[in-house]
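Structures follow.
Note that subunit A is present in both complexes that follow, paired respectively with subunit B and with subunit C.
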Partner chain A sequence: MNMHVQIGWRNIWRNPKRTAVILTAIIIGVWSMIFLSGLMRGIADQMVRNGISNLTGHLQLHPHHYRRDPSVDHRISDAERLAAVLRQNLPAGAVWSRRVRVNAVAGNARHSSGVTLVGIDPAKEAQLSFVSSAITRGRYLRSGDNRGIIVGKALLAKYETRLGRKLVLMSQDATGEISSRAFRITGVFQTELKATEKQFVFVNLTAVQKMLQIDSAISEIAVLLPSHQQADAVAGQLRQALAEHKIDVSTWQDLLPLVKATIKIYDSFIFLWFLVVFIAMGFGIVNTTLMAVFERIREFGLLKALGMRPGWIMRMVLTESLFLLMLGLLAGNLLGMLSIYALAETGIDLSAFAAGLEFVGMGRIIFPVVQIRDVVGANLVVVVLGLAVSAYPAYKAAHFTPVQALTHT
Partner chain B sequence: MSIEVKMAWRNLWRNTRRTVLTIAAIAFACLLLVFMLSWQFGTYDVMINTAVGIHSGHLQVQAKGYNDKQAVYQVVPDPASVSAAVAGVPQVTAHTLRAKAFAMASSARRTYGAMAVGIAPASEAAVSTLAKLIFEGEFLAKTDTDQALAGRLLAQNLKIGLGEELVLLGQGRDGSVAATVVKIKGIINSGQDVFDRSTVLIPLGLFQESFAMQGTVHEVVLRCRSLQDVAPVKLQLQDKLAAQIKSDTLVVLDWTELMPGLLESIKLDLVSGFIFYFILIIVVAFSILNTFLMSVFERTREFGVMLAMGTTPGRLTRILLFESSSMTLIGILIGALAGAAVTQYFAVHGIAIADAAEILREFGLPERIHPRLSILSVTIGSGIVLVITFTTTLYPAFKVRRLIPVQALRA
Partner chain C sequence: MPIVECDAVNKIYQQGRVEVAALQDINLHIPEGAFIALAGPSGSGKTTLLNLIGGLDTATSGTIRVVGKSMAKLTQTQLAQLRLSQVGFVFQSYNLIPVLSAQENVEFVMLLQGIPAAERTGRARSILDTVGLKDKYKRRPAELSGGQQQRVAVARAIVANPAIVLADEPTANLDSKTGQGLLELMQQMNTERNVTFIFATHDQMVMQYAERVVYLKDGRIKTDTLKQHRDKVEPK
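Moving on to the complex of A and B:
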C-alpha cells in the first residue's frame, strides 16, 4: 500500500500544470458547494428564527378549534391547571407565556384597518418573543399598565400618528358584541418585515381580558425550549399529559408550514447543486485522468510485462485520482470555510432588493451558516463519484496487453 | 474549405474520446442553462400575470399619494373623463373603475376587518381574473345592487355562506359613517391568503352610495395587450391626462410601481440564479481547459516541425482556434437543442415539486410549473457558455506562438 501511495503522489506531479488546472476546477467546485450551501442555510435559518421569534415560539398550546377559527369563542379558562401540567412536563430552561390573540380593528381619526391584537404578560413575553427587544421608541409595556399599547413603526406611519396618541381597538367579545377600548401608544417596535409591523399590536393581557369579558381565560400559550430540536419530543409528551384537556399542541413546524416547505425545497436544491457541480467537474476529472493514462501506455505495458497485476495498476491510477480529489477537497473546504468565516460577522447585505426581500419574507442581511451534514455531503459526493468516474480510465490502464502497450508510440 | 479548417477538423478527431468528453461537458452546461433560464422566465411570466390579473392590472390612474396611504378621501374626481382619455389609447384592451375602503364586516355571528372593494362587474371581468376565481356561487352581474362576493378565508372566518347577509361598516369619503347590508352571492378563492382573508367585493354603485363617494372612484385600472405595451401606454396617458384634464393631482402608475416587491423579488431571483450559473460555468471552463492545454502540449514536436517548415505562428493559432471553437460550437449546438427539447417536454407536461404547493400558491404559481421556452432563454444560456469557454481557449491558442522551433523539436 505504501508503494501505491508514493507512486501515486509522484505521478500526479509529473505534470504540475495539468494537475493545477484540474485542481482549480475541483477547488472552485467544492468551494461553491460549501459556500453557497452555507448561504442558503443562512437564509433558511433566518426564516426559522424570524418565524419563531415572530410570536411562534417552539411550541404553542391552543384550545381545540382555535387554529382553524382564531376567535375569542375558543379559549382556555383553566389556565392555572394548564400551567401546572406545563411545570411538570417542560424541560429545565424552558420558558412559556400566556396570550390572548384575536383579530381586531384598530382605528383613529385618519385610518382604520384590521390588526392582530395580542394580549401579553410583559415580563414573561420578554423572555420569548421579539417584542421587548424590538422597541425603538417609547418604552415596553409594564404590567398593570392597562392603557398602554405597543405598535409597529409602519403602522404608526400608516395611521399618521405618534407616541402618546390614542388608538381605538375594536373586537368581538365573549358575548358576541363589539367592544371597543382606547389605548395610548407607549412604545414602537421595528422588525425586519414591514408586514409584521403592520399586523401586530400588543397590550397587557389583563386589558384584553377585560375588554373581551373573558375573565382570566387565554387563547394561547407559547413555549420556548432550550433548543428547537426538542420540539417534537416535548410536544409528544405534552399531548399525552394534556389528553383530556381539549388542548392542541403544535410545534413550530406545524405553525410555520411555509418555512418548513422552504427548508425542504432548499434541502433538495442543495443536493441538486452538489450533483450538478460534480458533473461539471466530473468531465474534467475523467478527461484529465484519461490523458494521464494514455500518455503512459508504454509504462503500463512495461509494468505488466514485469509482472504487475491489473488490479495493482487499477489501484495505482485510483490512488492518483484520490490524491487529486483529496487535495481539491482540502483546499476547497478551507476556502469555503474561510469565506463563510469572513462573512460571519457582517453578513451579506441585500438591502438593494429590500422590497423584493419583503415580498418573499426574507431579512435584509444574510449570515451564512455551516451545517455539518452539507459539508459531509459535499465531500462524500466528490470522493465517491470522483472515484467512480475514475474507474473507467483505471480500468483502461489495467487492461492494455503488454504487446499492445509496448508497440504504442 | 481552407487548409486550416481542414487540419483543425482532422486534429479534432485524432482523439475521439477526449473530444467527445469535452463536447459533452460544454453541452451539459448549455443544456442546464437553457432549461433553468426557461424555468425562471416561465415562472416570472406566471407570477406577473397572476399578480396583474388579481391585484393591479397593468396600469392604474389614481390620485397622487393614494398608492402609499390608500385613504378613502384620495379620489379620482371625474372618472368619466379619465375613461374617455383611456378609451382613445389603442393598446389598452379594457379598463374598469374601482373604489376601496376598509370596513368592519359582520355576519350574524362574527365581525372581522375587511377591505370593501366596489367593482363594475362587466368591465372588471374584462380587466382582471376575479370573475374566473369564483369558488362557489356566481360572479356579480351588472344589475346587482346589494349582492357581494367574499374571499374564501374571510367567509370561513365569518362563518357565512351563500345567500346570507353581511353588514359593512366603515368611514365614508366625507368622514361620515358608511353602512350597508349585502347578500353573499359568491365566494372567491385566489389562493393568496392575504387577499382571500380580507376582501369583500360589492357593486361600485352601492359602494359610491354608502361611502359618500359622489360619483368618484379610487382607481382606474387598465389592461394592455401585453406587458411590452405598458411603458408606451403610460407615457401616452400621462400626456393625455395633462392635456385634456389639466390636472396635476392624478398619476399613472404601472404594475411595477403598484407592486414594487414583485419586480424586485424577480430581480433578486434572477441575480442569485446568475451567480449559480456563473460558478457552474467557471467549473466547466476549468474542466475543459485541460483538454485544450493538453492538445497543445502533447503536440509540441508536431508544432515544432510545422514551424520549422515555415508555417506561420498566426496559422498555428488559427488552427487551434478553429479546433477549440468547433468543439465549443458543437457542444453548444447539442446542448441548446437538447435543452430546448427537455424544456419543451416539461413545458407541455409541467413539473410538480413535492411539498412546494403552499409556497407556490403564495406567489400565484400553479402546482405544476411549466417552463417556457423562448428565444431569450436559449440565446442567453448558450451565449454565456460560448463567451466563457471561448475565453478559456484563447490561452493555449496564443501560447503556441511563443514556441521556438528548435526547442519544440527536442521536446
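Moving on to the complex of A and C:
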C-alpha cells in the first residue's frame, strides 16, 4: 500500500474516541440524507402513482375547451378517426381507453350530491386504471351491462345504501335538458383515498352515451404508456398528428398540477435537508481536523525539516479527512439502504394523519423509494464539501514555519 | 570549497517592542566532511545557527551558503528540496513519526525523494542493520528506547546520502553509555561516508568527539578550536 495512504489511515486512529465521534456524526448525517430523501421520494412517487391510476393515465386527449368546461357540450364525435391516429402513433405496449366523463348528481331516497359520472369500456379500462382491481364487494362492470353502476365504499356509506339497490343519476344531456337514469349498484370499490370513493361512479360507456344522447361521442381518451418518462415525447408527437383535429393532448404533469408542484417542493426540501445536515456535519469535520492538526504541530515541523513541501502536507491532512468521510459514507449508505430495505415490504403507516394526507393525494402507508441521483447527491455533498472545509486545517498545517512548529509546546 | 559558509550573519527576533539579537556578525566556514560542534550555554544562539544552516529559518542579514547555494535566494519549496536532497536532521526529541515503524521512518525521506519501494526497503534495512537495529524493523517509536529512537533518527538522516547532517542536542535525553554509542556511530558515518556533521550541544562528551568546537555566547562566536592541531582559531 502507498505509504501516504498508510500514514493517513494510521493517523485517523491515533485518537480512536475522537474518530468514533466524528464518524458517528457523518454516519447519522448520511443515513438521514438517504433515508429521508427516500421517504420524500416515496411520498412523491405514491402521489404520482395514485394520480396516474386514479383515471389520469400518462396522457389524456380531450376536445378543445373540455378541461375549462367539462360538460357534454365539449365532446369528440369522430372517435374512430382519433383511434386510428392513436394506433399509428402510440409506442408498443401502450394501452388506451375511451371515456365519457361529466358532472352529475347522484341521489337515492336518503341523500343526493354531486359526483363525477364516468362512462367506461370495462375491458379496456381494466388495463389502465384502478377501478377493476379495487372492487371489494360485488363485481366489476360487464360489457353490455347498461344498468349496472360501481360506486365507492365511502359513497355507499354516505348514501346508507348497499349492493343491489338503485341509484339515480342526473346530468345535462346533449340537448341541454336534464336527463336522468336509474342504475343498480353491482360493485363497490375501495381506494386509499376516501375522496376518490365519494367522487367517482362508473357505468358502461354505452349507457352514458344513451343517457346523454351523444351517440358514440366521447369526452376523453386516457393513455397509459410503458413508462411515465415517455409522456412528454409521445404527447409532442400526438399534438403534431392531431393538429387539425381540435384535440388537446395533456400529460399527467398538466393534469396533476398539485402533484407536480409538490414534487418540486420536495426537491427543494431534499436540497435544504442536505444543506442543513452538511452544515452541522461540516463544523464537526473542521473541529476534528483542526484538533488533529494543532496537537501535531511539532510533527509538521519535523516533516518540513525532512523536506516535505507544503503541498504534500496539505495532501496528507486531506487524505486523513477523506478516510473519515469515506468510512462515514460507507457506513451511512449501508445503514440508509438497510433502513429502506427494512421498510420496503411494510412501509411506514401514517394512518393517524390519513385525513391530512388524503388532501394532498397521499396514501396511508408510505414506501420509501431510492433514487440514484439522491444517493449520488448525498455522497457528493459529503465528499466535496467535506474536503472543502478540511482545506482550512490542511492549509494551516502546511503553512506553519518549521521553527515555529518545532519549538511549539 | 566549504560546504557551509556564513558571512556577517545576524538574526534578530522581535519580542513585542523589544528586539533580541540571537546571532551577531557570525562568520563561519565549514569544510566538507567536518565533524563540528556548536557549543555554548542555553540562549547562546547555537540552535538558531543550526536552523539557519538547515534553511528552517532565515537570517535577518548576512549571507549563508550551503552546498554552494545562497539560502536567502531560495523559495520555501526550493528550501524544502534542498533539505530533502542535501540535509539530514537529528533533533533532541520528537524525532520520529509515531505512526510509522522504524523501517518506515527511515524509508520516509526516500519516499519523498521518489525512490522505488523495493530500493527503499533494501536501503532502509541495510542502514538499520548498520546502526544496530537489525531486529527492530517493525517496531513503532513508542516500542523503542530513547537511544534506539535516536539511532533510527540517525539512520533516517543519512540514508538518503545527504551532504550535511545537522544534529540538535542529539544526546541530551540519553544516558552517557547510549550517547557515546550514538556518537561513535555518527563518527563512523562521518569517516566512512564523508558526511559533514554539525552538532548544537552543551554536552561535554559531544565536544570531546568533535574535531572542531565553535563556542558561542550571547549570539557571538567566542572561540573556534580545531582540536586535531590543538590550536585556537580566532573567528573571522
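FYI, the second predicted complex is superposed on the first by the 406 of 409 C-alpha atoms of A that agree within 3 Å, B and C clash if a C-alpha of one lies under 4 Å from a C-alpha of the other, contacts with A are read in each partner's own complex, and residues count from 1 in each chain.
Here, contacts are C-beta pairs under 8 Å (C-beta built on N, C-alpha and C of every residue); 3 or more make two chains touch, one makes a residue touch a chain.
The shown structure was predicted, so the numbers you read here are calculated from the model rather than taken from an experiment.
Novice: Name the contact category of A:Pro310: first (subunit B only), second (subunit C only), both, or neither.
Specialist: It touches subunit C, and subunit B stays clear.
Novice: Pick one for A:Leu302: touches subunit B only (first), subunit C only (second), both, or neither.
Specialist: In the superposition, A:Leu302 contacts subunit C only.
Novice: May I ask you to decide whether A:Val21 touches subunit B, subunit C, both, or neither, giving the answer as first, second, both or neither?
Specialist: First partner only.
Novice: In the superposed arrangement, does subunit B or subunit C reach more residues of subunit A?
Specialist: Comparing touch counts on subunit A for subunit B and subunit C gives B.
Novice: A:Val48 in the overlay: touching subunit B, subunit C, both, or neither? Say first, second, both or neither.
Specialist: In the superposition, A:Val48 contacts neither subunit B nor subunit C.
Novice: Can you pull the subunit A residues that subunit B and subunit C both touch?
Specialist: In subunit A, nothing is touched by subunit B and also by subunit C.
Novice: Okay, in this complex, where on subunit A does subunit C touch?
Specialist: For subunit A paired with subunit C, touching residues are 3-4, 6-7, 10-11, 14, 298-299, 302-310, 312, 401-403, 406.
Novice: With touch defined as at the start, can you tell me which subunit B residues reach subunit A in the complex?
Specialist: Within the complex, subunit B touches subunit A at residues 17-18, 21-22, 24-25, 28-29, 32, 69, 71, 102, 104, 106, 109-114, 156-157, 159, 170-171, 198, 260-268, 271, 275-276, 279-280, 282-284, 286-291, 293-294, 297-298, 353-356, 358-359, 362-363.
Novice: Contact residues on subunit A for subunit B in the complex?
Specialist: Within the complex, subunit A touches subunit B at residues 17-18, 21-22, 24-25, 28-29, 32, 36, 69, 71, 103-105, 110-115, 158, 170-172, 176, 178, 257-258, 261-262, 264-265, 273, 276-277, 279-288, 290-291, 295, 350, 353-360.
Novice: Inside the complex, what are the residues of subunit C that reach subunit A?
Specialist: 51, 54, 56-57, 76-77, 80-85, 87, 89, 91, 94-95, 97-100, 104, 107-109, 111-112, 156
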